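Below, chain A partners chain B and then partners chain C, in two separate complexes.
Let's turn to the complex of A and B:
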């Protein structure tokens, strides 16, 4: 209350100064006064209260009607005071939520983190950058005792936090599948059931799953509606789309996925991506898939990790460093 | 970006024709959902969505069509997409949704 009394004196002087001179500076100071009051959580009706006090001190003979009208105004302002209080508490809550989300985001990062495995004769580059705090894209590498490498790349449709949570679910269901069910078609079939049962109807997940066996150089894969990647055939020096049609996860209960197989030769590459790469747009213009491939080709001769990072930087620059969608790109090259 | 989606609905007996013009993305998808779902939840309705004037559809938009499709399956109605542009059609093909949603791609007056 002491502070308010001090302010009362200040307010009275300001008011007096304005009434007598009507100069701009006292108006400006009034604005400063209101800003300061807000910082100190002083409500609108308290300011009116101060105004009434000051007025009574400056004009002891104030007409009774004016004095009464001020009391009336005071009552009329009470709801605004309450609204202001609510605004304050919402602002505090918002700050709380914000910090909770950033805790969740870092937890997600830990939960979903995957180590790039070291596999002899194979070079792997991977990058995944979220457009917002939490990532709806996901990739995961699994190696087993026989030395095979499983690669999952997925995109949750429906953005933000629910999408990110769905991703953690996918990750943990994958871990729970038995070792002998590591074939891409089986994994997608199982995951589809999990997603269909547990996820909101407007949300769905696209996923590509590949399984590489270094002993036979075979790459088996299936896709659940995922943006097609590319296969680089070094002998022919040509890029082909990896075609593998299949329904996205979570739409229908009983879906089977076709499994395909290719042989990977020396210097061949498998390039996997999410639609954050191909849905990229510059102003009103969409980037065509051919252009995406052109950019990838431009950097493909570099070490795989360097290449994916440079491709990302290229598109980040194109979009003025403001990603519209999560961006994930993986390049796998057979070196020997 | 200030691009909108216009939604126009024409009801004829047990058919609802939904004419869309513009872009379907995270911003406009709720509007589409609001228009489609009430019909999808009704019994015995054919919902024909005309996408001739839709040049962009993102994954959020696909999500709306999926929820509508699921709702029609439950209510015994039918969802059909007509006059779908190539760019948009590609998305339905990649996601395999063209195998479970009826899509008619002939563009009126086009090739």
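Let's turn to the complex of A and C:
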């Protein structure tokens, strides 16, 4: 098939060929012509114009009425031509925005990056995957000279860019707290004040903060309205919900948070998550917390990092690879 | 043919009158049918803006015909409320998303030159030109 050219002569020949043979080849060529025209930003009214001219050349005795009707059609296509041009400029703009957001997303990743600490006798697995480009979930590990491990996991109600911005603020306020303020209740109390003062009242942040001391094997924690995690008691081989009451961050200025403590024994696990995990949707149904736990159980015997990744993959598949919400899951297991 | 004429826009059917004059002039100047239709559509948009937002204004036609080039200049002048944020109305998707038509970005695309001046509370003047190719 010869190369298509975007000119009147070529169109006229194609049209003539189709009118005489009515074969599929000419129709296929018409399709090619149309695609080529789009590549060259040719508006529909221009195609009609070419059509009119071709018709006039092929049928000089075309009834006046038909000729007029073609002019009418041309007029009717003008707005479509404009809409087409607008669509193209919007598409370009969308590409620009997309690349801007991806720059922001990688910057966010740098800002919020946290190293998974190596702690003797403790195995940590963590995964956090945003639904869109930017993540409104956040987790962070802090270790200090005494060897304690602080674990923060937070979720902004809402997702996307505003949520991501709020998270960067949380991260930096936490960095600015004095070293001696490490207790979960204190940290949440301070963060609450920061969020209340600086974040739009319509935005809420839930957060769980835990502090593990390897010397005493104690795990202290407080929660600001965060999705309850699970505690695996190896001796009894049972999973319990980590219950902790507390108001979400940013609602009121002065809030105190209750602090709880549990003892972690060998092979026990602490499982922390965000509601992107528990509010996975399958079709139009939210899955139950029990189902989430069942999936976690299924992989819990594996090394912690492998387990969180497999749980994520499971839910990703369940949701047809289209996350509705940011997804964060942390598993901490005491090995010795 | 006189070089300058104008149509008052007060009612919706004034838009049709403005289109007619614009098309006749464009035809006389030697514009092709596609360009005639584009000019008429641009006039429609300009006149509709006057009718919808300013209530009262005019479309002015000028024929440009000197040795170098031929073209038509179309002005839309009103004493309406003016436009607060010109960059917003010139943004793609701003008026089209409301289904109001091609809007001013559309007019800009249909014509070769486009200039807008607007003062809130005083009115708007849009100057456009299309050249015969």
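By our rule, the second predicted complex is superposed on the first by the 241 of 336 C-alpha atoms of A that agree within 3 Å, B and C clash if a C-alpha of one lies under 4 Å from a C-alpha of the other, contacts with A are read in each partner's own complex, and residues count from 1 in each chain.
Here, a contact is a pair of C-beta atoms (placed from the backbone, for glycine too) under 8 Å apart; a residue touches a chain by one contact, two chains touch by 3 or more.
None of these values were measured; they are calculated from a predicted model.
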Exercise. Would you check which partner chain A:228 touches, where first means chain B only, second means chain C only, and both and neither mean what they say?
Key: first
Exercise. Name the chain, either chain B or chain C, that contacts more residues of chain A.
Key: B
Practice problem: Could you say whether A:75 touches chain B, chain C, both of them, or neither, answering first, second, both or neither? | Solution: second
Quiz item: So, A:251: does it touch chain B (first), chain C (second), both, or neither?
Solution: first
Practice problem: Figure out whether A:86 sits in contact with chain B (first) or chain C (second), or with both, or with neither. | Solution: second
Quiz item: Looking at the overlay, does A:275 come into contact with chain B only (first), chain C only (second), both, or neither?
Solution: first
Quiz item: Which parts of chain A are touched by chain B and by chain C alike?
Solution: none
Quiz prompt | In the complex with chain A, residue positions of chain B that touch it | solution = 1, 26, 33, 56, 58-60, 62-64, 66-67, 69-71, 87, 93-97, 99-100
Quiz prompt | chain C - residues contacting chain A, complex | solution = 32-34, 37-38, 40-41, 92-93, 96, 101-102, 105-106, 109-110
Quiz item: Which of the residues in chain A come into contact with chain C in the complex?
Solution: 45-46, 49, 52, 71, 74-75, 78-79, 82-83, 85-86, 89-90, 93
Quiz item: Along chain A, where are the residues that touch chain B in the complex?
Solution: 155, 157-159, 201-204, 206, 224-228, 245-248, 251-252, 275, 279, 284, 286
